[in-house]
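The two complexes that follow have subunit A in common; it is paired with subunit B in the first and with subunit C in the second.
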Partner chain A sequence: MNHLPLAAALILATAVPAAANRVFVSNEKSNDVTVLDSDTLEVIGTYPVGNRPRGIAISPDGSELYICVSDDNIVRVFDPETMEELHTLPSGPDPELFVLHPSGNPLYIANEDDNLVTVVDTQTHERLAEIPVGVEPEGMGVSPDGKTVINTSETTNMAHFIDSETFEIYANTLVDSRPRFAEYNHDGSKLYVSSEIGGTVSVIDPTTQQIVDKIEFEIPGVLPEAIQPVGVRVTNDGSKVFVALGPANRVAVIDGETDEIIDYLLVGQRVWQMAFTPDESLLFTTNGNSNDVSAIDVESLEVVKSIQVGQQPWGVVVAPDAQ
Partner chain B sequence: MRNWLFGVAIWTAAAGIAGAQPAHDPTWPCIQRKQPHLSLGQVWTGPQPDDATAAIARDPEVRRLAAYLEQRRVPMEDAEARITEFAEDADNQHLTALMSAVFHQIEPERSALIDGIARYGTSQQDLAKRIEARRAKMEELEAAASPDFDAIDAEEEALDWDERIFTDRRQSLTYVCETPIILEQRAFALGRAIASHLK
Partner chain C sequence: MPIRPALLAALVAMGPSCAFAQQAAETTPSQTQAPAASQPAADVALIRAAVLRVDNPGLPPISRLELPTEDLGFAGARLGIEDNDTTGRFMGQDFEAVEVTATSETAAAELDKLLADGIQFIVTLADDETTLALADQAGDRAMILNAGARGDALRGTDCRFNTIHVAPSDAMLADALAQFLVWKKWTDWFLIKGSHPQDEAFAQAFTRSASKFGATIVEERVYEDTGGARRTDTGHVQVQQQMPVFTQRAPDHDILVAADRADVFAAYLPYQTWDPRPVAGSSGLVPRSWHPAMEAWGATQFQNRFEELAGRRMREEDYQTWLAIRIIGEAATRQQSGDPATLREFILSPDFDVAGFKGQKLTVRDWDHQVRQPILLTTGDLTASVSPQEEFLHQTSRLDTLGIDRPETECSF
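This part shows the complex of A and B:
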């Protein structure tokens, strides 16, 4: 019975051509990227990309794959089809995570070691600005209209609201300890900020920059300190929010309307970041300590497969549909 | 010389950053966040153990099997085969008891390891302080109007040894810090294998 939705998805997938997308997973420790097929859920190949790859993103047209290679202190850009390096983009020291403007340009990079967010033009490869933020900048988010960029600073415990035109911080919201990730829902009415040590997700109203709700997690048989929220993803309709809970080895599913927890799904060890397929049928999670990726059926909330990848998978991105 | 100095600086800086965050333990030397205890729910989604499963977990046969499964030199395929054999006439209560027994073998071992790493971190910090003190003393001896060259030689030799020990320990730290994760991986893999037989 449980396999029915998957079976239906597979039938649909075979009926509609070109449904497969490439899934790119950055492996922090083995210094490579594993490429998966979203249809067969099999590994297509593994490609060296530089030292300590973490943040990973793809351009909206699917032509460029961006990877923060933290120990090389640079962003490397690859052809997603051939996995050949095209060029590099400047960043500050130890780039960890970045976010692309919805238009695909520019790229906003959090540099963990120098308390700056670097803004880089993806066309000219020029550095447009360096924005001073709090200590140990980490999470990056961008509003759906592209007007606001969010950076979270791990030690200052703030979400900084940055105007994407002037590059100035116009508001700061204090959140719980060690904010890791910032994600808007698609109508821009809610901003979710996860706090790894605080163990919470703050729900922020972007217009007032005030916290309107705080999601707390409790899992039977799991010590509270093992619950460390990191990656956050929201479905397009805003109805479901997924939160990766790190060493709790689970993904929390939250009702996007009520902010109530619907379920906890056991995935792999130290679950870190997540990415949807464009049709949102599957959600992929990187599990750093079990060296695998879990594929979650978004509709049935079942973990349908674990796929072994490289050493310490960190980030994941799925290529857009072919245009 | 510059290398070890850099090492001491990094060590002290790391301790400083860690000290600024109350959630961090300043004696903890690993990049991985300190997690003193593992909880069963991190590696198991089956029923929670109760008094009845605790009694079964104490059964010598279950304990022997748990002790066998826990050994890292036993390949997972062999462990899975033994679990399948056990599962043939085991209900959920017995499977939960087996997992509970496995967990209670691995958890204390892991906690002891974590304590050991913390001790290692503390002694490394002490050594870094001693190296700094020895260097200060060397400078003092060398700056004297009539330097005592025998004392300088003795101090230099002691300093060389301390530096060597410090560097050797720092190099083995990466491996030391990985060991708790290896135990967690084993617990998780066994949890997944046992849970696959839940009815």
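This part shows the complex of A and C:
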């Protein structure tokens, strides 16, 4: 009789579809990370990670989870399976948001309090460079070819184009107030920069660094000042762009070709960051004021579930498929 | 649009001190910021301002936590200049703010010196009367950015075209509190005002707010400033006796609203009233432009930067001077110009807005040059609420539910 439960467990384990991925949510106020299962949409566990976790990323091979623990002035690196801390990376003070080079190395970190972008080698754990940028750097993007890193500075109101080889800024584009996020589409033909206070998303041609279009939002019954774009995610085929609209409690869906708005999806309160599952079937959003994560069905554009997480969820990342 | 030449100049000017620290895992790489002002690149535009703080001798505040600091207001301006300069590196712009202290008697002479020096943006921290005198003295030679005076007359019958009001007005502060109290359904107010003219003005603002938002002032009572003992070793003994007696026999009320700009009595009121009622206005729940516990809308980073620079918490005066300097900087960035006339025109245009860690863009009212802004309602340790409250609607901007709106203004430029 003793081995029956074990057999049952084995059956259960093999019954879980291979598509299940771990979803990691950083909770800024409760100093922990909530781990979700992308298949069952249930909480797997909650793990303390350090003070004020915000930006969160995972290596392309899924072996390392990076978390900006802002008040510890460091990036902590965890084993995504066990949530054991592996080591730390020198991040510079007050790391907020970062982006990994497409190859998985290096890591480009925005240091919000010190007007710097810090470049860290994820293998040697060494700081490669500190790049002075504008006031309150936050948004970090990287071009699909890995040649350009974008930083947005919230009080300077610019997108800085940084050469990833020389670490030098080669262009600056002035955008609307308080740029929070920068995201390329996957063929690198468009760069989207959200402006939280300006209430817009600038569509920039990366080759000329000129703004070619500016997306504005209007939602019946929602005050214009509540529309505060932050996170941006683009589907792999570039056809759909999702923009988190902060205290408007909605995610805008935009046609990646025409820059026209397709729909607004009602999610939780103060939605900031988002992440796709690798197959792009689901998009997860962090809703900081309602302490939950919304799961959006990307195909049907419906919000399928809200999942309670920790206090003030900030960032979210989904593990890649097992290799 | 891309801004390359200025950036190249800035990078050159940064020199080797900003070189990227290679293989420096254990050592802290140099964090030298921005080119020094003494070695600007040839095409850097210098944009100059001054902060003129007019201090008048007076009694110390009731609470020693409120003692003024030497750098009050100046520290905020210094942060504003740092922020402007960081952006200026990419724009080929360099900012400075001269810091001047004066008294009511010497303010005019100090302003003359600044004007003679060619400075065309003057941030003032002064009372209403002095602010008005300085504005008239400056005329069309400078823009005055009022970062201190709150009187409604300055924005009304005494308004001046050359002045923009960065500090919120009494009417805005009173309306911000009134909206919250009406939302709470605490609509019966017992109003206590001090005996100084500025107390009377603040009390009038509350009276106006009450009628605007549907509250009732059940009684108005004057607390005469008889020059009491204020802070003494035994002061609290008297306070504990005096305040209940002073506040007794009031009609039924939900809340006690204190108008005490002169800082004579309001701080003594909470927990000392005859009836167990909360206090708001000049103490208790206080409407303010800023509070050091504010964390929303990115304010944490802003507070951190200020505290690192000044070694103390940010006060309203510092927020207001910071915002004044940022208004100049934002105009210079957007216009890509250092020409004062160009900047002044742009600041007063409908295209101008600036971010100020209040969750929405701040703009300038064209009818009286008041900067529209949310108002924080603060308790001792926290921001309890932020007005405008959602329930109060407006046909153009909800921020215009606070203060004197276009149809009511007595200002004509």
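Observations on the structure shown:
The criterion applied here is as follows: the second predicted complex is superposed on the first by the 306 of 323 C-alpha atoms of A that agree within 3 Å, B and C clash if a C-alpha of one lies under 4 Å from a C-alpha of the other, contacts with A are read in each partner's own complex, and residues count from 1 in each chain.
Just so it is clear, contacts are C-beta pairs under 8 Å (C-beta built on N, C-alpha and C of every residue); 3 or more make two chains touch, one makes a residue touch a chain.
The structure presented is a predicted model; accordingly, all values stated were derived computationally and were not measured.
Superposition of the two structures on subunit A shows subunit C clashing with subunit B.
In the superposition on chain A, A:A248 contacts subunit B only, with no contact to subunit C.
In the superposition on chain A, A:T124 makes contact with subunit C only, while subunit B stays out of contact range.
Touching more residues of subunit A than its counterpart among subunit B and subunit C is C. When the two structures are aligned on the shared chain, A:S290 is found in touch with subunit B, with no touch to subunit C. In the superposed model, A:G315 lies in contact with neither subunit B nor subunit C. By the touch criterion defined above, A:P132 reaches subunit C but does not reach subunit B. Once the two complexes are laid over each other on the shared chain, residue contacts for A:G50 go to neither subunit B nor subunit C.
With both structures placed on the common chain, the touch criterion links A:E225 to subunit B and to subunit C.
Of the two partner chains placed by the overlay, only subunit B lies in contact with A:Q269; subunit C stays clear of it.
After overlaying the two complexes on the shared chain, residue contacts for A:S177 are found with subunit B and with subunit C alike. Subunit C is struck by only one stretch of subunit B after the chain A overlay, and of the options 59-67, 77-85, 95-103 or 131-139 that stretch is 131-139. Subunit A uses residues 155, 177-178, 197, 223, 225, 228, 247 to touch subunit B in one structure and subunit C in the other. Residues 90, 94, 112-116, 119, 124-132, 134-136, 153-158, 160, 167-174, 177-178, 197-199, 208-211, 223, 225, 228, 247 of subunit A touch subunit C in their complex. Within the complex formed with subunit A, the residues of subunit B that make contact are 20-21, 23, 33, 35-45, 48, 181, 184-185, 188-189.
Residues of subunit A touching subunit B in their complex: 155, 177-178, 197, 219-223, 225-226, 228, 247-249, 266, 268-269, 289-290. Listed in rising order, the residues of subunit C touching subunit A in the complex are 1-4, 7, 11, 14, 18, 20-25, 29-31, 33-34, 82-83, 86-87, 89-90, 298, 301-302, 304-305, 308, 326, 330, 333-334, 353-355, 359-361, 390, 398.
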